[in-house]
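What follows are several structures.
In the two complexes that follow, chain A is the common piece, with chain B as its partner first and chain C second.
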Partner chain A sequence: MAFAILALVAGGFIALAAVGGERPALLSIGPYLWRVLAFSIVQAALSTLLSLALGVALALALARRRFPGRGAVLALLGTTMVMPTIVAVFAVFAVYGRSGWAADILSLLGWRGEFSIFGYPGILIAHVFLNGPYVARILLDSLSLVPAEHWRLASALGFSPAHIFRHLDWPVLRAELPGLTGLVFLLCFKSFAIVLALGGGPSRSTLEVAIYEALKIDLDFGRAAWLSLIQLAICLTLMGILNWALTRPPTPHTVRSQVQRHDARNRSLKLFDAIVLSAGALFIAPLALSLLSGLDNILEIADADLLRAFLTSMTIAVLAATIACLLALALATAARRRRVVLRSPRIAAFYDFLPNTLLAVPPFALTAGLFLILRRFADPSSAGLILLPLINGLAALPFAYRSLAPRLLTAEERYGRVAASLGITGVNKLAIMDWPLLKRPFAAAFALAMALSFGDFGIIALFGGQDLVTLPYLLYERLGSYRLDDASAIGLFIVLVAFLLAHVSGRLSHAGD
Partner chain B sequence: MVRRLLLTLASLVLAANAAFAQGKPVLTVYTYGSFAGKYGPGKIVKERFEETCGCELNWVTAEDAGSLVGRLRLEGADTKADVVLGLDVNLAAEAKSLNAFAPHGLDMQDLSLPIAWNDDTFVPFDWGYYAFVYDSDKLPNPPKSLKELVENPNGPKVVLQDPRTSAPGLGLLLWMQKVYGDKAGDAWAQLKPRIVTFTKGWSEAYGLFLKGEADMVMSYTTSPAYHIVVEKKNNYKAAIFSEGHYLQVEIAGMTRTTKQPELAKTFMAFVLSKPFQSAMPEGNWMMPAKAPATDLPDAFQHLGQPQKALLFTPEEVQQNRRAFTDVWLNATAR
Partner chain C sequence: MLVIENCRLTWPDFTAEYSMTVRSGALCAIVGPSGGGKTTLLHMIAGFETPESGKLTFEGINLLPLDPAKRPVAIVFQDHNLFPHLSAAQNVALGIRPSLRMSGEEHRLIEETLQAVGLSGLDARKPGEMSGGQRQRVALARALVSGRPLILLDEPFSSLDPGLRRDMVQLVGELRRRRSVTILMTIHTPEDVADLADQMVFVADGRVVASDTPSVILGGSLASRIAAAVSDT
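The block that comes next holds the complex of A and B.
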């Protein structure tokens, strides 16, 4: 399975490089590209650091507190990441722009200066807004999986908040953070429209821009393939270092049950959580609320086009989620077999590593390459139907893998020996032993993968069309006809659907087994 | 299960296409999304063409001009396109070098373009001048020339598009070259402090301008017509510069691989006929390529008119684009 994925990716690149015909100017990495690379790495590192800081603080605070509307807040945390980038860009401007809310408030307070968010501030705000809440969401889920017995023990031993953090929370964070770091870093490293719009100049640009230019303007596919390989190499190196330095195998979870954490009563923690939660709300809420400006036009966009686009998006999302979840299941099963049965943790670690590396592959280049292969066997006009779910599925794979792999390990720990002694293997093992524990995370991963695919514009730019208009595509089409209001209504609609999916996903992953 | 789902889906679409095709020949025209979208002229064009051709016109869309060429390149000889509508004249040489287009064989007289047109492959279907659009309520005294915009350190702030990813971005790059020649790098450096940002495409930039992030945006002289006709707002205007304005011409071409050259030719001729041309102004918010001035809607008759059109030939653009882009990069990327 792993090799099939690798072959797919490699095949795409070779096809792309081959059609380039003449040898591309091999590594014409000029000083400009070096600067772009350096900038990409720095901005991605900063974005990641801040996203993780926000995520960890929010997750800890939310784990300790119960309040009305907490469920909705959790679903909101899961929504921001799947927003179409242009929606996020406009949200940032609505709040922090020259005529944004922040500027209005400052001028009400009598401040007459001008401030500009272009450059690092804008990019970091957008990236932290997109990724920080997601980090919080994932960590919160993991924190709530600390076994109830541990909590009882901690309570009996009279653990202080510091002890609790060191012995209960930290091990969970320690296990989750490396993977999340890699994920967020890659997402920011490849970020494209956000960096261009908020960067304020071509010195703030990413390699993905150069790849896009080679594909769409220069029509130099060989160059696109080379640049993609450079990007891949850099990401793999960084991920490899991260992996080698930090990663621990996924920790098996146990049955979770609702525990009231006793450190919730600590006074200074109360203060800390109050500050974190209000700061988080102050950061996230205005950006989220600014989307509601689309409400004015929500009735006007309700037409046949919207319905069709919705159904198309849904179909693609379901297919993509199916691909993502089945691949994740297959990979996770293989990883478990290597780790537990065959005792070869290195190969297992490779399987754990693989899904994240897929994120390093530039989707435009991969799509173009796969299309060149596909065109020999299939009608080019239906290629989009195959490629869209496939590419979106691969993009959602790392997210699906995160929720499935630990559960499979749990199942093995609990029932592996019994199953082995009864001689249950293969599909039977999956159906009898794993499925009961797996079905909820599976459904949660499915909903998340759907949401991710739902907001994706990416490759549809190349392969959309009369039969293949998704909601993000419709949004751009309306923008192209000056209909900014329609576009923001469609943006709101996309975010609402994603919110519902995130809510379903959260409910499922939170429910007891 | 995945495969079965995919097959079902693919066959559904194919079946739908086949039903579509029954009896009548189908002309497949590639165009960009907003042309065939709800507010674009695509629907009217389709209706009017089908009235006379005895065929079905099938729009297939990609995001923008760049995507159209990219897609054509990827599909190669297998492409289903009979006609491609919506390429940018600045990228015409690249498109031509794909060797995918056939000569149109049409007479190119009596066009209403500000320049002479004698290309035998591409037919221009609409055009406009690139221009900086501003809100006259907020900016009562816009610059009168590109030089004034560039050289006045206290001038208005502008939002632009990246020339590597967008047609208007490339347009301004070429405009600066026309006006400043070898000094274009210095001019970019002079303008740089007042550039809010370079966005990926026209839509983001125009959106930022409407949201008040900049005083002026790189767009078209025809943009104000949209605000006048649809929103009944007269405060958006295009600044007319004394050096002349760079021209945007949108072009169409028929493919070499089309299975129905006659029908494709008929469509190419239809592109320059009144039923098609009259749909351009208020459908695509561009000037028609062949229409007497008296046929223009009111809002278009009163738009500011540049005195001079600036344009490089497609070959010049192809040869120099990389060099021009490097000049721009060096000047603006610190």
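The block that comes next holds the complex of A and C.
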């Protein structure tokens, strides 16, 4: 299965490179490449820096404070991971656009200046909106794992707020930040929909957008192949570092008892936290609330176009989730066999790493390559319906694998020897031994994969048109024709479905067996 | 003298009310069933739980208005006593000053205390590189180096094997004699401390049911209840 995935990816790239024909020299796209590369790196670095700053400050402030509605705030922070990027684009337009809320308020205050959201401002706002809360949620979870005994010791030993940061908070942040930095940088480096919509022109392109333009606008497959190769090399290097950074000793387990941090009583920290939480709310709340503006129009947009787009999105999401979960199950079973039965931990580690490497693969280049192969065997007009679930499924594979692999190992540890002694193997082993432990994480992974695919605005940009319209594509069309009322309602609808699926996934993940 | 008089703590599903005295310099073993309120009693003395009524004094000083850091109390837990990013010596040093800025004399004191608990030469080791018994010795060294006269040990050796556990109990008895500290220790195996403890307290259902010498407690009418409590755990 691992080799099948690798062959699929490699085949796509070879097909893309082969059709380039004249194989353009890398030097011929040199200046363009440098410009795109520099923009990709600078915007990703700035986005990462700002997202981490917001995430760390929010996590520490929320760890120290208890207030009514805190639970709802935490739930909101956790959902930005599945917030479709195209919806975030809409939110940025609605709040900071030329006729957005911010412009209205500034106008009321008498400001007559010009402010353009296109370029760095819009891209950074959207990236920080999506990633900052996610960073905060991950860090807050890790901070809550500090053993209650450490807090009691800190209290008994008279730790000041500075000592608490040094001995309790910082070790957690130091362990989490390298991995989070790499992940956020990677997501921003590969950013597509946000840069396409908010970049403001060809001079503001990431590698991902440049690959899309080479394929869709210029039909320059050779350039697309070169750009893809460079993006793949950079992302794989980063993934390698990420994998190394994320490999750390397991966190000590403790009972999650509610411990009151005694630094919460410090006056300076009270003021600092109030400023951080207010600033965070001021930044996140308008963007999140802007989506609710679609409530007024949600009934008006219910027409045949919307229904067709919804059904298409749902079909693609179900197929993508099926592909992601079945591939994850096959890979995780192989990894378990290598790790436990055949005692080959290195090969097992390769299986563990493989799903993550798919995050590094440029989806447009892979799609184009697979399209070139597919058109020989199938009707090119139906290629979108085949490739969209496949590529979305591969994109969701890392998340599905992370959900299923640990449970399969647990099943082996609990019942592996009994099954071996009774001669239970293959499908019987899966049904009798694994499935009872696996069904909830499988359903959770399925729902999450559906949520990720449902709101995705990536490959659909290549295939979208009269014959193939998903909800995110419909939203993009409406934004492009400045039908903001329609766009707000569609955005709200997408978010509601994606959040519902993510909520189901979260509930299933945390439910007992 | 540690004096606890009618100290009452209430939760929705549990009420505890403690009254007992412990003579200064004594080693007092606290036994009883799981969930009976032994740890709550220590947490109350340490200042992690605040009674709604009652009196709590040590050497005549009222402890109740004092923050945990201001009380003359050091505590060792069953687990998670050490900060994993600090060395053994640094973990001990936290008992003197959390900033970890030590004078030459304080460095020597830390070295001597580590030696006293049988860890000389291991001062640079991180907790992850030490055995369970060694980690508990480091925690004990920190409690001693803090110079606080009342030491609370909350089932500190229950995760160790029986042989090591008895060695550690012997070490506690020896340190108590040399350092003249008062020690309260919750324990699941009363026979380990029967020869060493001056006093044994049986705690169940959030109350001090009996307090006397170990021979009286272990040989009296509570013997079967204690045996049942031990076998439950």
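By definition in this document, the second predicted complex is superposed on the first by the 306 of 513 C-alpha atoms of A that agree within 3 Å, B and C clash if a C-alpha of one lies under 4 Å from a C-alpha of the other, contacts with A are read in each partner's own complex, and residues count from 1 in each chain.
The rule is simple: a contact is a pair of C-beta atoms (placed from the backbone, for glycine too) under 8 Å apart; a residue touches a chain by one contact, two chains touch by 3 or more.
None of these values were measured; they are calculated from a predicted model.
S.K.: Should A:147 be classified as contacting the first partner (chain B), the second (chain C), both, or neither?
M.R.: second
S.K.: Now for A:156: first (chain B), second (chain C), both, or neither, which partner does it touch?
M.R.: second
S.K.: Give one of first, second, both or neither to describe whether A:493 is in contact with chain B, with chain C, with both, or with none.
M.R.: After superposing on A, A:493 lies clear of both chain B and chain C.
S.K.: Let me test your reading of the model: by the given contact rule, A:217 touches which partner, first (chain B), second (chain C), both or neither?
M.R.: After superposing on A, A:217 lies in contact with chain B but is clear of chain C.
S.K.: Looking at the overlay, does A:167 come into contact with chain B only (first), chain C only (second), both, or neither?
M.R.: Touch partner of A:167: chain C, not chain B.
S.K.: Could you let me know whether more residues of chain A are touched by chain B or by chain C?
M.R.: B
S.K.: Does the superposition put A:96 against chain B (first), chain C (second), both, or neither?
M.R.: neither
S.K.: Which chain C residues qualify as touching chain A in the complex?
M.R.: 43, 46-48, 67-71, 73-75, 77, 79-81, 83-86, 94-95, 98-99, 128, 146
S.K.: Inside the complex, what are the residues of chain A that reach chain C?
M.R.: Residues in contact with chain C: 147-150, 152-153, 155-160, 163, 167-168, 171, 249, 252, 254, 262.
S.K.: Spell out the part of chain B that touches chain A in their complex, as residue ranges.
M.R.: Touch residues, chain B against chain A: 1-2, 5-6, 9-10, 13-14, 16-17, 32-34, 36-40, 58-64, 66-67, 69-71, 73-76, 78-80, 91, 94, 98, 162, 164-165, 170, 192, 195-200, 202-204, 206-208, 210-214, 223, 226, 230, 285, 326, 328-330, 332-334.
S.K.: Which residues of chain A touch chain B in their complex?
M.R.: Touch list, chain A to chain B: 32, 35, 86, 89-90, 93-94, 97-99, 116, 118, 192-193, 196-203, 205, 209-210, 212-213, 215-219, 221, 303, 305, 315, 319, 322-323, 326, 368, 371-372, 375, 378-382, 385-386, 389, 460-467, 469, 473-474, 476-484, 487.
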